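Some notes on the structure that comes next.
Chain naming follows the written order as A, B, C and D, and within any one chain the residues start at number 1.
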Amino acid sequence: MSAYKTIKQEAYEANIKLPELGLVLFTFGNASAADRDKGVFAIKPSGVAYDDLKVEDMVIVDFEGQTVEGSMRPSSDTKTHAVLYKEWSSIGGIVHTHSTYGTAWAQAQLDIPIYGTTHADYLAGDVPCAPVMSDEMIKGNYEYETGYQIVNCFKDKSISPEEVEMMIVANHAPFTWGKDADKAVHNSAVLEEIAKMAWLTQSINLNVPRLKDSLIEKHYKRKHGDDSYYGQP
Amino acid sequence: MSAYKTIKQEAYEANIKLPELGLVLFTFGNASAADRDKGVFAIKPSGVAYDDLKVEDMVIVDFEGQTVEGSMRPSSDTKTHAVLYKEWSSIGGIVHTHSTYGTAWAQAQLDIPIYGTTHADYLAGDVPCAPVMSDEMIKGNYEYETGYQIVNCFKDKSISPEEVEMMIVANHAPFTWGKDADKAVHNSAVLEEIAKMAWLTQSINLNVPRLKDSLIEKHYKRKHGDDSYYGQP
Amino acid sequence: MSAYKTIKQEAYEANIKLPELGLVLFTFGNASAADRDKGVFAIKPSGVAYDDLKVEDMVIVDFEGQTVEGSMRPSSDTKTHAVLYKEWSSIGGIVHTHSTYGTAWAQAQLDIPIYGTTHADYLAGDVPCAPVMSDEMIKGNYEYETGYQIVNCFKDKSISPEEVEMMIVANHAPFTWGKDADKAVHNSAVLEEIAKMAWLTQSINLNVPRLKDSLIEKHYKRKHGDDSYYGQP
Amino acid sequence: MSAYKTIKQEAYEANIKLPELGLVLFTFGNASAADRDKGVFAIKPSGVAYDDLKVEDMVIVDFEGQTVEGSMRPSSDTKTHAVLYKEWSSIGGIVHTHSTYGTAWAQAQLDIPIYGTTHADYLAGDVPCAPVMSDEMIKGNYEYETGYQIVNCFKDKSISPEEVEMMIVANHAPFTWGKDADKAVHNSAVLEEIAKMAWLTQSINLNVPRLKDSLIEKHYKRKHGDDSYYGQP
């Protein structure tokens, strides 16, 4: 039996939730789950339909992007996952989708503005949009560089991956993460919903201001930190 | 057996209808049902997934917001429900959701204009949007103050909770109510539908006038008051 | 056994298709089926949920709007149906819904422009929007006058109910009809789809011209008249 | 047994996937599958509901548009399929739908701009929109001329049907193709998704630039050509 049974199961369950939540068409997405002790993650094989996916198909890859176990080719976005796991030691799961509304904001090359408490329940600012990559990055080790485009975006904005568990890459699509793959899936669905709400909000009232600081702080702290009081203790 | 069996069942059924009607993602909503004789209401526990919810999980709370029965922490919005039940003696059920189109109008900080008979079948004016709360209210007893923001909005506009069973809180989301929890759920779905229709109407014809008074009166009275003739006698 | 068994069955089947096709929320719609020989039609009872509806609940009404058989109160829109059957002798079924996109155009008080062949497969011009009713009509015999607002709209535009089987009433919602109730249901779904497409078309290119005459004529005649060649002979 | 069993089965399976993928309302679409050795294709009969469709209903037609086998009348768009098979020898399947967002772009008479990598994974430029047909073409052999409108659009733009497997005809709707009918269905769903994303992108940021060449080339080549590395080897 594989030494990676737990993360294979976790990655499998995260992947098959993506079509159930309406976040992917065909194979337009992938989820991974990391084992920090072993320094590896399990990820969806490339181009396999979700209906055909099996737990044992998950490919085990290390944080340099090298396959450790598995007969199939891992997701074409594997190196992006590897960079994020390597650079951000606190995260345990990653999801990438081309969900419709999140991708539209990425194509529009804009941060998703924080307009309401639905958004502030998850993060205390706009959903960041990493800038369009340079031709050098694109023509080089593209998926690897995509990871660094994300990491550098967070460095430039002085935000941490613990505070903000979702973002979009300009011209591309959303990436989300969390303590495990299940939380990363959850965050993907939340990103899609707040992306749709933000588009509708602007469509109704183009000049509406962003959410004010006191409400951002209140809602974010209802769900995060020592004084949070959402959910069960 | 609990003395509150009836309202627990009523609150449970109202809560599980919310995902069925497409009004909530994950745990973004809550429904409650009041027992006026006993001076309490049953409400969803905080952060529990609708799929995992059981009748006996419902928490019994009094109109001051104090838990009377139940081992779980009640919804984080419990104090808002308590204030509405306390201030508005005619209502028997309350629903709060972050439904997509209703929330977009809340984020746009605008009343939902009355444009057609679908809307006038339910209320004789715009769906009111309570203004953005002050920093003092937000930093104080937030959920309690949210209740008073709603109550004061209705006082300022001279409308009663019997005439208008739905509203939105700016930057936040919809609240609806009714004689019982089932009617409050019904009103949540209606609010979402007329919010979507109003957005589309403006998108097609930005300068269209509001519904004229004679049509508002006609449709509202088809369904309300002594001369109503909609439904079975 | 009822002498009206056939039209009761036909009206019942048409009514339960409306929620299946996503055209109604709750009880926001009604379908009827006429028996021209007997001078009556079967229609949905008012305010009954589609899930609870039974064939024997259908109410039999004559073309003056008087109930002939049935213990329940017929749809509040019954007189509108009666006027259309009385004035338009060729039609055998009528459907009224508050479907989202069709209703948005009605609220926008605009004809739905003919932009493509999807539309021209069904009618050779815009979907007409009857003007807002006068206060006198609204305060008088409202549902009866709604029928005449529709009939007069077609007279004023010199179009016949055989050529154009769908329309919208300003501030209200769509009405469709056909040789039988099933065709009227079909037309309701088509109206909703072309209403959505027309809104999207304008949203993409506000100044796009209407479909040109040669294409309108070609597509309309593919499906209508002696030289039609769509479907099986 | 029919000598065309394989393509009848292939065409049948492609056709019934169209409603499953939400690409057609009622009978608004058709799929075909070609047998290049025999010089024929199997296509849906005209006007038959997808629910009622059977494998043996598929009509066998040659590349001149003449029926070779089958008792039913083939799709009214059969001659368009025949022209494409005749002119483009590399394709093995064709799908035509009136899917909502693709049709809206066709009605807007605009190419669907390439804004992101979702689009570039499939084609290295805008989705072409063939111009409105001339009155002579429309009044002549209309469906045959529609085929040449498509073929000439590709000639004028110097693109091949192997590079670009999807397009829209102005005022009409999408056409897609591929090595077989299943790939043509896949492309129809992709066209609809990127049509929706492009509309949303413009709605969020009207002045956003098209995707830059380096990203187009990178993503297109991830999935196409000798150096592709998407999917399993």
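Please note the rule applied: a contact is a pair of C-beta atoms (placed from the backbone, for glycine too) under 8 Å apart; a residue touches a chain by one contact, two chains touch by 3 or more.
Not measured: the values here are computed from a predicted model.
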Same vs different contact residues, chain A with chain B, by half of numbers used: different
Chain centre separation in whole Å, for chain D relative to chain A (CA means): 33
Junction residues of chain A - those touching two or more other chains: 203
All pairs of touching chains, each written as two labels joined by a dash: A-B, A-D, B-C, C-D
Residues of chain B that touch chain A when the two form their complex: 25-26, 28, 45-48, 72-73, 76, 98, 100-101, 103-110, 132-133, 135, 138-139, 142, 171-173, 199, 202-203
List of chain B residues in touch with chain C within their complex: 115-118, 186, 189-190, 193, 196-198, 200-201, 203-205, 208, 211-212, 214-215, 218, 222, 229-233
